[in-house]
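Letters are used for the chains, namely A, B, C and D, taken in the order the chains are written, and counting of residues starts over at 1 for each.
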C-alpha cells in the first residue's frame, strides 16, 4: 500500500470503531463500514484516533481491528493512531500496523508537555522510535491534549524529522496557523500535507487558506469530499453552498463527549455500522436528542434537494 | 430599575466594552452602543463579563463604565459581572453597581473549585457577600472556568440561595442540562430563568428544551431576538430558518480568543461602537480574516433577503 | 496468596521497575529486588503504579513483570496498578494478574473526571469490570491525576463497592482526610485500610491520625517500616526521631519527575536493582545531583548512628 | 528607597497580610509585623504575593496596605506583587506603589500562557506597561500558575527587558534551573538576582547552586537568614545542621492551601501579627492541627538548643 507523504490530499475519514450490541468489537462489520466510507468518496481512513474509542480497546483488539481495516481497504491508505503514554507501546503498535500495510501513523503529544523544547524533543524521540521508514502525522489538538504547539514549533518538528509528513490540524482557532505554515513553505520550508479536523466546521475557510483536505469524522463524509473538490476547483461559492447545507447538523455533532454517540447513531441509520453502541464509559442519547437529530436531517435533506435543483451540485 | 428574577426572559446581550483607538475607555460611546443593542431588540444587557474584557479594566474604569451603561439604559435591566478572585473586591463592585441601579450581578466560579461541596460552599458564601437583596446569575462556563457543575449541584445552589435567580447556561454540551433543570422544576424545584450562551450556536435546541432566552454577544443580536420570539410562539421551523441564515457567521465568530476581535470588527462596521480596538493582550485580525468576514456577511445578507421573500420573517 | 482487605497494614512498598542498561526490562533482576524489599521489612509490594514507569511498558512486558514479581513474592501480597484509559485493558490486565496470584489491584481515576457523580460512577463501573472477587485500592492522588475526591465521595465509593477495601492516600494536604474517614468509621462506616503515599513525607502525622501504614517508594523502606511499627506501639516521639533522620533525603527524593531517577540511583547503589536506568522520556541526573545525594546520605548515616547510640532504635 | 537590582541578596520575606478578628485589614498591626521580620534578619519584604492573600483585598485595601508597609520599612526594600489579569490594573498598582517608595514589583504569568513565544511576549508587554524605571521580579511558580517557563525562555526574558532584574525561583523541581542560569551568566548572560521560594524546603541546595537568598514566608525567617549567611560563608555543613533542625516544621507548613493558616497561627503565637485570621474562602485549623504544630515546635526548640550547645550557631 502506498504510504502517506507531504502531498497527500483529500478526505481521510476518521473512522469509528464498530461494536456489536453486546459491546464486543464487531470485526465482521468492518468491510461494510469501509465500503460506506469508500462510497462517500474518502481518499483514506484514519483509525484508532481519539474519536475512534481507541483507548477503550485492549492491545489485542487494537491490532485485530487495524489489521482488518487495512485488509478491507487495499485501495485507500489507512493511517493508524499510535499515541501512547510510553514509547514501548508506541513502537509495538506502530511496527505491527506498518507490517500489516498501514500507510502511516498518527501521534498526539502527551498532555504533560508544556515548553517548546519539551514538545520538540518528544517528537524527535517519537520519530526515532517508530523508525525512519514510517511516515507520521502530527496531531495538533490542544482542546483535548492541553498541549499548545505554536507554528514555529510545528515548523521545527517537520524540519527536524524527515518522516513527519502531515499535520492533522485541529487547533481552534487555527486558521492563521494554516496561513503561517503555507507562508513558511513559500519561503522554503518543507512541503507538508495539512488535513483539517474539528468535525469539518471550518472546512471552507481552511481550504481557502491552503489545506489539502480534511481528516475528521462527520457522519456525512460526502460533504467534506464535495467541499474539498469544489474548493480545489476554485469554486468557493459553491463549496460554501454545500457546506452551509450540512452546517446545522455538523454543528450539532460537534458536541464534546456527546458527539461520538450522535455520529454513531447516524452512521448506524445510514447503514455504515451495524450497531450504534459505544463502549462505556460513554454518553447515552435521549429521546430529545433523537428528535433533534431527526429534525436536522430532515431539514438537511430538504435543503440539499433545493441546492440540487438550483445548482446541480 | 427592575431587578432580574426567576421569570426574566428574552435576550440579555453580552455587551462589549468600547475603547477609543488609543486604548482609553470610550465612555462617550456608551449611549450609541446601548442604542444599538436596544434597536436590535435586546431585553437587557450584561456587562463586565469574560467577553467584555472586564479583567483588562482598572477598578475605577469598571465602575465608570458600569455606571454609564446603567444610566444609558433606564428601560433595559443591566446585569454586571462581579466575578473576582476574592470576596472583598466582589462585595465592593456589587454594592457600587447595585447602588447605581444594576438589575443584578453575575458570578462565575474561580477555577480552583473541584468537588461538589467546594462549588456549593463557594456560591453560598458569595450569595451572602453580595447580600440577599442582590439577585445573581450563576455562570456555568466550564470550557473557560474549568469548573464542572453538575445539574444536581446547580439545583442545590438555586435551592440554598434565595437570591440565585438565573443561570447563564454555557456548558458545552449542555442541552441535557436544560432538560434536567426543567424536569426538576416540573417536580417542584424553584423556578429559575435560564439564558443561554455559547454565541447562540445552539439557540434553537435550547429554546425547544425550555430556555427563556439568550445571554450572549453575537454581533447580530437580532438573530437571537428573532429566534427567541419565534420559538416562544411555537414556530420552531421558522426559528430554524432564521437561525440557519446566521449560522455560518455565528460559527465563525465563536473562535476562542479571536472571536471578540471579530465581534468588535463587525459591531464597529455596524455603527455600534466607534472603534474595533481591543486592549492588549489580544489578537489582531489579518487581511484574510477581514476577507472571510466580508464573504460571510455578504452571503448572510443574501440569504436573509431570500428568507424574507419566502416567509416574510 | 492472601488478598488485601480492609484490615491490611504495614508498608506496601511501591516497587520500581528494573531495566537493564540497554533499556530492556530486567526480569532476571526481579528476585534480587524483591529480596531487598523483603529484607527492609516490607509487608507487601505494589507494582505498575505511576512511579513504576508502568506506562512505559508494553502490555506484554507489564504481564511478564507482574507475573515474575508475584512468583518471587509468595510471602508478601502484591498489588498491581491496573489504571487504564479504558475498561477493556483494565479488565484484561486485572484478570491476568489475579490469575497469577496478585493480592489485589489499584485504580486511579482518569483525569477528565470532575463532578462527584462522575467519580462515583467511574468507580462503580470499574469495580464491576474487575469483578467482585478482586479487591481493589482507590488511588487518591490529585497532584498527578487532577481529580479531587472529597472525603464524602470516598465514603460513598467504599460503601457502594464491596471490593473497594483500601485507600492509597496521596492527597496533599490530606491529613484531615484521614481524620474524616476514621471519624466516619467510628460512626459505622465500613472499615477500610488506609496506606499513605507522598514519599512518606507526612508519615508520622498520618500514623497518629489513623493510617494503617504506608504505600510509597522511598529508597529507604526501613524508615517507613520503623516509623509504622513505633507509631503502632504508641512510641510517637521515637517514631519522629527516626523519621527526622531520614527527612532531608526523603524531601530531596520527593521532587516531581526527578524523584524516580534519584530513587533508582540510590536503590542501585544499595544493591536493590542492577541498573539505575530509566526509560525515556525521563530525566538524567547531573554531577551536582549525585553530589547532593552523597552529602545527604552521609549526613543521614551519621545521624542514624547517633540515634542508635542514644536510643537503640 | 533603594530599588532592587541584579545583585540584590539575602532574605526577602514573603509577608502575610494581617487581618483583625473581624476580617478587616489590620493596618495598625503593620509596624509590629515589619518589626518582627526586621528582627529576624530580613533583607527585604515582599507583599501582595499569592501567599499574602492579595486577591482577597479590594484595590483600595491593597494600596493602603502597601503604603503602610513601605512607610514602616524605610530601611528594608519592599517588593510588591502586581500580577493582574489585565495590564490596566497592573499599571495602576505598579505606579502607585513605586510612587510610595516600593523597591520594585513582582509579576507572575497569567495561567493561560503556554508557548515560549506567548510567555516571552507577555513579559515584554508587562515590562513596558510598568515602565523602564520600575525593576521587576519574574515569578516562576508553575505548581500554581500552571505556566512552565524553561531556562532558555527565562534567559530571553532577562535579556530582552532591562528592568527584569530578579527571579523568584519557585519551580519544583528547580535545582537544575539555578545551575543553568548561573552557567549562562558565566558565559556572558546578564547578572540577575535569584531568590528562592517553596517555603525554603530546598534552601541549602539552592544556595550551593548559586542562589542569592530566599524569597518565601516560612514562619521562622531566622532559619532562612541563618542558612543564607552560613552558605555564603562557605559553611555548608553548618548551614545544613541549622536547616535540618527546622525542616520537620517547614515541611508541615508547606501544605498547599492549609499552609498559610499554619503560618499565620505560628506568626500570631510569635507576636508578629495580632490575629491568625484568614479571609474566606480559606481553611480552618482543627485541634489535631494545633496539636501537631505544638509538637513540632517543641521538638524544634529542643533540637535548636542541642545545636547551640554543640556548635554555637
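Note that in this section contacts are C-beta pairs under 8 Å (C-beta built on N, C-alpha and C of every residue); 3 or more make two chains touch, one makes a residue touch a chain.
Nothing here was measured: the structure is a model prediction, and the numbers come from that model.
Note on connectivity: the fewest steps through touching chains from chain A to chain C is 1.
Of the two chain pairs examined here, B-C and A-B, it is A-B that is joined by more C-beta pairs in contact.
Among the other chains, the CA centroid farthest from that of chain D is the one of A.
Rounded to whole angstrom units, the spacing between the C-alpha centres of chain A and chain B is 33.
Here the spacing of chain B and chain D, counted between their Cα centres, is 39 Å. Chain centres here are Cα averages; for chain B and chain C they lie 48 Å apart.
Touching of two or more other chains is recorded for no residue of chain D.
On chain A, the positions that touch chain D within their shared complex are 114-118, 142, 147-150, 152-153.
Against chain B, in their complex, chain D makes its touches with residues 53, 55-61, 84-89, 91-92, 111, 121-122, 125, 279-281. The residues of chain C lying in touch with chain D in their complex are 172-173, 175-176, 179, 201-202, 205, 208-209, 240, 243-244, 247-248, 251-252, 255-259, 286, 288-289, 292, 295, 299.
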